[in-house]
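Chain lettering (A, B, C, D and E) follows the sequence in which the chains are written, and residue indices restart at 1 in each chain.
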Amino acid sequence: MNVVAESAVRPARPGNAGRGEWGRRWGLRLVALLALGVLWQVTATVMHNPAFIPSPGAVWHRLVQTSTTHDGVRGYSGHLLIEHLGVSLRRILIGSAIGVTGGLLVGVLMGAVGWVRVVTEPVVTFVRALPPLAYFSLFIIWFGIDETPKLWLLSIAALPPVAVATASAVSAAPTALVEAVRALGASRWAAIRDVVLPSALPEIFTGIRLAVGIAYSSVVAAETINGVPGIGGMVRDAQRYSQTDVVVLGLFAIGLSGLAIDAVLRVIEQRLIPWRGKY
Amino acid sequence: MNVVAESAVRPARPGNAGRGEWGRRWGLRLVALLALGVLWQVTATVMHNPAFIPSPGAVWHRLVQTSTTHDGVRGYSGHLLIEHLGVSLRRILIGSAIGVTGGLLVGVLMGAVGWVRVVTEPVVTFVRALPPLAYFSLFIIWFGIDETPKLWLLSIAALPPVAVATASAVSAAPTALVEAVRALGASRWAAIRDVVLPSALPEIFTGIRLAVGIAYSSVVAAETINGVPGIGGMVRDAQRYSQTDVVVLGLFAIGLSGLAIDAVLRVIEQRLIPWRGKY
Amino acid sequence: ASGSPDTAQKTIRIAYQAFPSGDLIVKHQRLLEQALPDYKITWTKFDSGASINTAFVAGSVDIAAIGSSPVARGLSAPLNIPYQVAFVLDVAGDNEALVARNGTNINSVADLRGHKVATPFASTAHYSLLAALDKAGVKESELTLVDLEPQDIQAAWTRGDLDAAYTWLPSLDELKKTGKVLISSRELATAGKPTLDLGVVSTAFATAHPDAVDAWRKAEAKALDIIAGQPDAAADAVGKELNISAADAKHQLSQGVFLKPADLSSSEWLGTEGKTGDLARNLLAAAQFLKAQNKIDAVPDAATIEKAIYTKGLPGVLAG
Amino acid sequence: MSSPAEPGAPAVQVDGVEHRYAAVSALGPLDLSVAEGAFLVLVGASGCGKSTLLRLIAGFERPSAGRVRVAGAEPVPGRGAGLVFQAPRLLPWKTVGGNVDLALRYAGVPREQRPARVEQLLDRVGLHDVAGRRTWEISGGQQQRVAIARALAVPNPLLLLDEPFAALDALTRERLQEDLRRVSAESGRTCVFVTHSVDEAVYLGSRVVVLTSRPGRIALDRDIDLPRTGIEPDELRGLPGYAAYRAEIGHAVRAAADESERVRSLV
Amino acid sequence: MSSPAEPGAPAVQVDGVEHRYAAVSALGPLDLSVAEGAFLVLVGASGCGKSTLLRLIAGFERPSAGRVRVAGAEPVPGRGAGLVFQAPRLLPWKTVGGNVDLALRYAGVPREQRPARVEQLLDRVGLHDVAGRRTWEISGGQQQRVAIARALAVPNPLLLLDEPFAALDALTRERLQEDLRRVSAESGRTCVFVTHSVDEAVYLGSRVVVLTSRPGRIALDRDIDLPRTGIEPDELRGLPGYAAYRAEIGHAVRAAADESERVRSLV
């Protein structure tokens, strides 16, 4: 049992966490993956109800089918799986980008400027409690049925985690360091730029990772309206026709691409915040 | 413009942030609220289409109607507004509680135990990218149509923010302090209890606040099936009949109660974490 | 609890939907509860046939009100849900229709080519729209089909994002104010493509509690009588269930087609024991249509579908 | 909020200042006037309020009673006074050099001149080759020296130093003392310097103030009448006056502490 | 991973130990054996590797080369050695008393005895009435004293102290020196003590080791042959041997620093 708190006790020396570590990590993951796969196959065989749990084989078959043109039909609903995914990824990325930017702005203002917080905090809390499904119809009235309402929904879903995390971290900036730069002559905004934001960065990153995840998990809601092509639209469609294998395939496509994006974010995080835990 | 970073520069002395501050804060909020109300009334009057933007008066009338028994009809769909809200709140609270507890456990394990992280991190990332609407039908198949699938959905929605925030904060525990207690003879788990968790508490709280918000905003999705009584079910029902005033009323009920819960959480946070920003 | 006849407390779990039909009258006037006092009856509202199918797979319901299109899906692979059609709640009439917006110069179904048409996918309206297009010789690829829920159709329509839509009440009424009806489900029904709301019973339940099924059918028949004979009472019940005014409910009821109980066992619908009615053919056609759409894996054979029509005791049960 | 600076006003003027942290009275009523160019050394027991006094002068605290004026105006953090805190307070997200660079940037030094100035400042506090290191990759004494270099980067007329040399070895300490003594004498910058070392106090100060403990009041206020320029450190320490000052101040420190002790034991 | 302790082994045994942080060589090859009950004082320029050596002995670092043994076994943090870090490192989520209490809890002191022991320990480092305060509500010197009290709470046979008295005034410092000297002499606890004060080194140490700077090597290793018990501090400082030791060690420190300086200027 190696507690990572251990890393605090015995800092890894250079060359320590090399190939071996890397191999072990992926080995472990592979084993876990295999175990899950076997579990799935066994459950599917035992249940023997494809609507309940489609077998891995069926999902694989769907993957092939939705990724190719067969019998003159192109993929699913006229689009290949990769196209569905691509369209949705574009929406997710744009929506997340807008949401994260907005969240950062709102969060910094909320954390740093007293009266903005007094008014904005309740508004943000109010808005983030609202279920997208409830207000989505209003978006249609305001923004139509094309890309705009989807991007709005995803942005609004992505904003709160960043805003809340940023505001919380900003308002808890380390007093000692803020004083240190103020003593050197930093203006208030320079202090925010040089101390408050860097010290909030770890929490902001957690917020961003959560935001992207939430944008992801909102993609079906966003694509309830005119959502094909789109992975969410595909899943919804399949759901209504009880094509559980397509639903599971869609879930995999969503989950795996989400995993990839999160991995990228985590690499950026590690590059950007070498000081984490150092003070 | 009073920058709160200022609070770092000139610590408020006792008696400084007293009645006056309090009054100003609520005054500001009241003004903002009034402004919003007027804006709403004006928009409603201009649009003049109650299916799009119901007037404040119409929503108020609905509030009265859904909170009383009139013409032999009790509230909305046979339940008073407060009952709808109560049922949903119960679901949200139970779901959040389960999700937060699970998230804490997963987060601490992920942050503190290397091999758990290696396997669990991808699983959590995978799961939190999945749209509830996509897997909800699987929940119905597995857990039926009563409370269980709703609680599952809400728990799963609430778990990731806590897990991610906790794991991130735990793995970034201040090395200096971990060493300090280790030097005093703390076991690894004592170090986690006495240093890692307290230092992670602020981020954990951000995670919890986000989790409750997300559980809130998932209540409509959770109540798509067999959702009456329930505020989400009520909103959905109203939606199908374009009773926008009821939808808006429901949104208010959700948003305001969400605000109340968040306020409670923030009070707890401030009580629990007096050292925030102090190191 | 459903399948086993010897449970202590006998229960019936009914799934209903929020469309105006006799089902809501049965619920509101507690007709079934009165007929079966020693059963514990729970009513659960669902918002689509798909979710009702899901609930059947989960074994969470015994009896349901569901559209003919989802029933066809449920009877086909991969779902193969063991349930049987035991009642026709209503036939879509003028309450479901295809409307074109004024000023788009669309005067017939054929004119829809190149336009944007919305309908809730996987619904009876979707089925009807495709049937109408098929009848007019318009290929799906020649126009843009948009998947929207009725309330969203209404919103998008108001903005001018849509040229036409196939939807149902109450949004249909709003659309009609600024558009004109190209074809309604009533006409499609006459042309042999009816869409229906059906009452289905899980096979296990029907086997275990045939008497309860009979009572339920009688209650539904009574509701049909109320709709025909006491429109005000019917409107009141439906209005209260749907949270709308009695006047609105009355208007909506007037747009649908409600069969006479006696007609149900005619060869046009359920038929009788041993001689299944046309409903089976109708469901088979729907399944074939879905197969052509790639929405189901295989079309069940005619025998399977005939077996899924619950005609036990017909016409006797509904005659009284 | 801030009154305009008056020309000819003393560098620091403390009038009847008291400071209380919630229930804790940290600094007793205190009057103190520091002339421009003076080198004031504060000595006093741990917890007597020295840091509090510096924070009041720097503008980080407002006195519970009385008033503080710096060059005749109400003190504002970062304006008019540089401050070396008791702890290094380096920014962990900047390298060692980056921390000094930031101070230069605030001081308005153009970007292209900064790298050379950073090197120079670090060199001045005896640090070589550490500009590229992370702040947690240098020793405690080195961190404190970076904090000093950072404060020296800003050319404020008033410099406040809170036990800046406490973590340094004798040699490094002597070098920095020399440097600081020369700078203050030559540039005419006013310094307020906190130390626990009586020797350091006498060596550096043009005036030494000894505080009693809790709440801090002035126990001794002595001008040090020793030559401030053109004399070698060893020579200075060899002067007969030097030893006398050391003895007097050492005595005062002990007396102040004993006094407080007696007061406490009476209570 | 950890070898069993051997009875009769020296309290600390350092064999050919080198330590490198990435590219930085912090501690040169070093051999050192500390006998049980000894009071070893380490002196050396800032950045010469004193803290690194203490961290190696405490088990927080593993040497890049050579081996460290504490009572014959590989050192494990928290087992066998108490450590006062150079910075206070108090837990901000505990009160001052809570920080000390935690140490007592780790030491297995029963809950009901702890409040009294906390009071006693705080008193011992000269702190009154601060047990209920938050860690940021006390002065720098007070924080350092809490850290000392916390370390004294754990009865380890080996005590490592990294400039523990640097932030204290002369009087408090003398009291704590006395206390520590007495404790080590009476309890037989082994101490390794880092300081920059030559006087402190001679006063406290039974042995003084002077390190050269970067990478730290042993420049001087001198046993201090002065009485360790039954003598008043002033009396001790008055002994002729005392001044001689002071001179020798002061000289060695300067020489070590100059040496390093020369080496560097040659490179």
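Just so it is clear, a residue touches a chain if its C-beta (ideal position, glycine included) is under 8 Å from a C-beta of that chain, and two chains touch if they have at least 3 such contacts.
Listed by chain with UniProt protein names: A, B = ABC transporter permease; D, E = ABC transporter ATP-binding protein.
Predicted model only: the values in this text are computed from it and were never measured.
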| item | value |
| --- | --- |
| Contact distance in steps, from chain C to chain E | 2 |
| Most distant chain from chain D by Cα centroid | C |
| Rounded Å distance, chain B centre to chain D centre (Cα mean) | 49 |
| Centroid spacing, where centroids are CA-atom means, of chain D and chain E in whole angstrom | 28 |
| Chain centre separation in whole Å, for chain D relative to chain C (CA means) | 86 |
| Chain centre separation (chain B, chain E; CA means) in Å | 50 |
| Per-residue multi-chain contacts in chain A, two or more chains | 9, 11, 51-52, 137-138, 141, 176, 179, 182, 224, 236, 239, 244, 278-279 |
| Residue numbers of chain D (touch at least two other chains) | 22, 60, 77, 87 |
| Overlap residues in chain C, where contacts from two or more other chains coincide | 50, 54, 57, 149, 151, 155, 158 |
| Complex contacts: residues of chain D adjacent to chain A | 58, 60, 77-79, 81-83, 85, 87, 89-93, 102-103, 106-107, 134-136, 150-151, 153-154, 156 |
| Touching residues (chain side chain D, partner chain E) in the complex | 21-22, 24, 43-47, 51, 86-87, 126, 128, 133, 137-142, 145, 162-163, 166-173, 196-198, 250, 253-254, 257, 264 |
| Complex contacts: residues of chain B adjacent to chain E | 176-177, 179-186, 190, 194-195, 198-199, 201, 273-275, 278-279 |
| Residue ranges of chain C touching chain A (in the complex, touch as defined) | 48, 50, 53-54, 57, 73-74, 78-79, 118, 121-122, 146-149, 151-152, 155-156, 158-159, 161-162, 290, 294-296 |
| Chain B residues within the chain C interface of the complex | 49, 51-52, 73, 76-77, 137, 140-146, 224-228, 233, 236-243, 246 |
